[in-house]
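See structure below.
Letters A, B, C, D, E and F mark the chains as written, and numbering starts fresh at 1 in each.
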Amino acid sequence: MTKYSYDETDAFKTGRDVWFEMRGAKVAQAAVDQAAQHEMTRDLRQFLFEHCFAAVWARPGLERATRSIITISVLTALGRTEELKSHIRMGLNNGLTREQLKELFLHVGVYAGAPSAVSAVRAAMEEFEALDKAKA
Amino acid sequence: MTKYSYDETDAFKTGRDVWFEMRGAKVAQAAVDQAAQHEMTRDLRQFLFEHCFAAVWARPGLERATRSIITISVLTALGRTEELKSHIRMGLNNGLTREQLKELFLHVGVYAGAPSAVSAVRAAMEEFEALDKAKA
Amino acid sequence: MTKYSYDETDAFKTGRDVWFEMRGAKVAQAAVDQAAQHEMTRDLRQFLFEHCFAAVWARPGLERATRSIITISVLTALGRTEELKSHIRMGLNNGLTREQLKELFLHVGVYAGAPSAVSAVRAAMEEFEALDKAKA
Amino acid sequence: MTKYSYDETDAFKTGRDVWFEMRGAKVAQAAVDQAAQHEMTRDLRQFLFEHCFAAVWARPGLERATRSIITISVLTALGRTEELKSHIRMGLNNGLTREQLKELFLHVGVYAGAPSAVSAVRAAMEEFEALDKAKA
Amino acid sequence: MTKYSYDETDAFKTGRDVWFEMRGAKVAQAAVDQAAQHEMTRDLRQFLFEHCFAAVWARPGLERATRSIITISVLTALGRTEELKSHIRMGLNNGLTREQLKELFLHVGVYAGAPSAVSAVRAAMEEFEALDKAKA
Amino acid sequence: MTKYSYDETDAFKTGRDVWFEMRGAKVAQAAVDQAAQHEMTRDLRQFLFEHCFAAVWARPGLERATRSIITISVLTALGRTEELKSHIRMGLNNGLTREQLKELFLHVGVYAGAPSAVSAVRAAMEEFEALDKAKA
């Protein structure tokens, strides 16, 4: 049972649906339930669904794989490692390959500095290893 | 006549060719000649051809339009306006549409902050206006 | 007459109202009309009203003057000068004094580097001068 | 016993007093003693007292709670997580509430990118949990 | 005559002396007088002398040319162009050569992204041209 | 045995030699072998040798100790902690002293914000401790 309930606005539902598809329903539901245990995390999750996933991910005009490329490029450039890991997984779900991610990281490394590529590769390798273990 | 000559290595030529195709030969040649007037700008241009355009743009594994999306995302996120303008032009040459750029800027705005989208739109509008005037 | 019309959602109207109050109705209306001349600027303005001004400025929990302090601190730290100027004006409208802004800039200078304070002071002095001229 | 002694200038003492009040005397004294074990950490601590806590925190013109809001906004925007945690504690001591911090993080998220809010919420939740455990 | 007077503390005088030597007495005095016309610029100048030029530039342990290299590297990486220009001039006064600056910019370009080198070279070329004109 | 082999271009070899000298042959060889286990890490290592260590570290015009100062300044300013640790070790191998690094960190702290100095000192203390243990 959740302590803090979400405000199920249209935008909330739109963003939630996008995120569930990209993140995988089981992991996503667990995260949503966990976030509902505290006011701060509930409000953050509500905010992300409405003003991040509904606001841009649900828009037409770019395919999801392209939106993953944009997101991962920005997170790599800004060195936001935790968020990057989560979006690497979603990017793979959206159809990106590991080879494309590799090329993306090197490309960003030229424009945001080589250390950004080094960090991103380290994060990706951890995600790949976790994914390979989960499959094994 | 140029005062400082380039070192025409294979990497230099590879990077130069990519850049000339994306930038347009006439503008590109003028920039290369201008850069050759000073040691500092010559060395920078040499560096960019070898370690930027040959290093990543000439690699297989991602289409040029995709590399434009990555580059423009990073430049928008980091607020590098002058370079952004140049890559908006190259992105259009690589096949991106103005509508796709608009979507990209809003998407980056969520992940790098709304001001990054505002600056990028301002830069893009200036480039679009210049392009429309040149055509008229 | 505007070429591109806005989608007057509840969120759009909420955000617009906040912005009109903070920016001044006359300047705000001119900006909204101007943005409606192009698809890209229309979509950006729509986005800012819904996902910036409605999303956080219209929330309860913090006074507007406090939200101005947060916004101006972030813009100073990130060196987003154009947006900073606009928010300096809105901050003054929200009740901040020039002396408080001065203290804010020096404080940010310690945490984001002295150059961030230098740039912010330069931007503020330009805004103050423009405001003083408009009054004279 | 400390290996490296501080230079107890007026500025040092002013900055130290501010910091002891905000951090809590016991934790602060332990940190000061620990820092005195090495030349590098002693010099850093001396620097922070003189050029950070005396330089801005001890200035009149803004209340401490307001200075906490500015500091936490900047640290959230720049992704300086370790320093952020320390300033979340000091902010609570300076009178900020958890609800205000939540609003601050979402607000910064709009201007510095959603990942900055996600990281800050994660850091704050860790601090809140540690505080609640210490009280229990 | 200045409207706002400085607080001539020891730290102020130490920082001022360093800055006058690096900036050139005539330009420096004009800037100090100009800053004294407004409370905000006076306080900023006071802050910079005490907490920037006295705080680090006046310390032993590194030569001024080395401190210029550090400063210019940071300003290039962070894209703080206006401050960069001022420190390029001071760096030349501190004994750095144009060739060393060129190497520095390319080196930073690898670690902070190629656009940081492009911006720095543009800024440096403007400064060099202004210096050459002033000499001619 | 390595799964993915490097492309031993001249640039690769030049960059590798510089890195082996600065990093220490034993640690360097282990890292190169480890990187060769995966396509992504192999390509990153290849890229770093060619477009980072050959591209700038192998250039004449600045001594290695000076290049370490530039690199460490940038990494401190940008908060790239993992890369910073590696370059602190290489900086010491290139002749920098711990006292010089301390001065560098405080200097960067003024220009990139005090938190950058705090993080860098923490990273350096960890490296110093590891080095002292390895010697004991």
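Following the convention adopted for this analysis, a residue touches a chain if its C-beta (ideal position, glycine included) is under 8 Å from a C-beta of that chain, and two chains touch if they have at least 3 such contacts.
Here the structure is a predicted model, which means the values were calculated and not measured.
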Comparison of A-E and A-F by number of C-beta pairs in contact, larger one: A-F
Chain pair repeating B-E, as identified from A-E, C-E or E-F when over half of the contact pairs by residue number coincide: C-E
Mean-CA-position distance for chain D and chain A (Å): 30
Computed distance of Cα centres, chain D from chain B, in Å: 41
Chain centre separation (chain B, chain F; CA means) in Å: 29
Per-residue overlap in chain D, given as positions that touch at least 2 other chains: 47, 51-52, 55, 74-75, 77-79, 99, 102, 106, 109-116
Chain contact graph, described as a line, ring, star, complete graph or other shape: complete
Complex interface listing, chain D residues touching chain E: 11, 47, 50-51, 55
Interface residues, chain F side, partner chain A - complex: 38-41, 43-44, 47-48, 51-52, 74-75, 78-80, 82-83
Footprint of chain A on chain B - complex, ascending: 51-52, 55-56, 59, 61-62, 66-67, 69-71, 73-78, 99-100, 102-104, 106-112
Chain C to chain F touching residues, read off their complex: 77, 110-116
Chain F-touching residues of chain A, taken from the complex the two chains share: 79, 98-99, 101-102, 105-106, 109-110, 113-119, 121-122, 124-125, 128
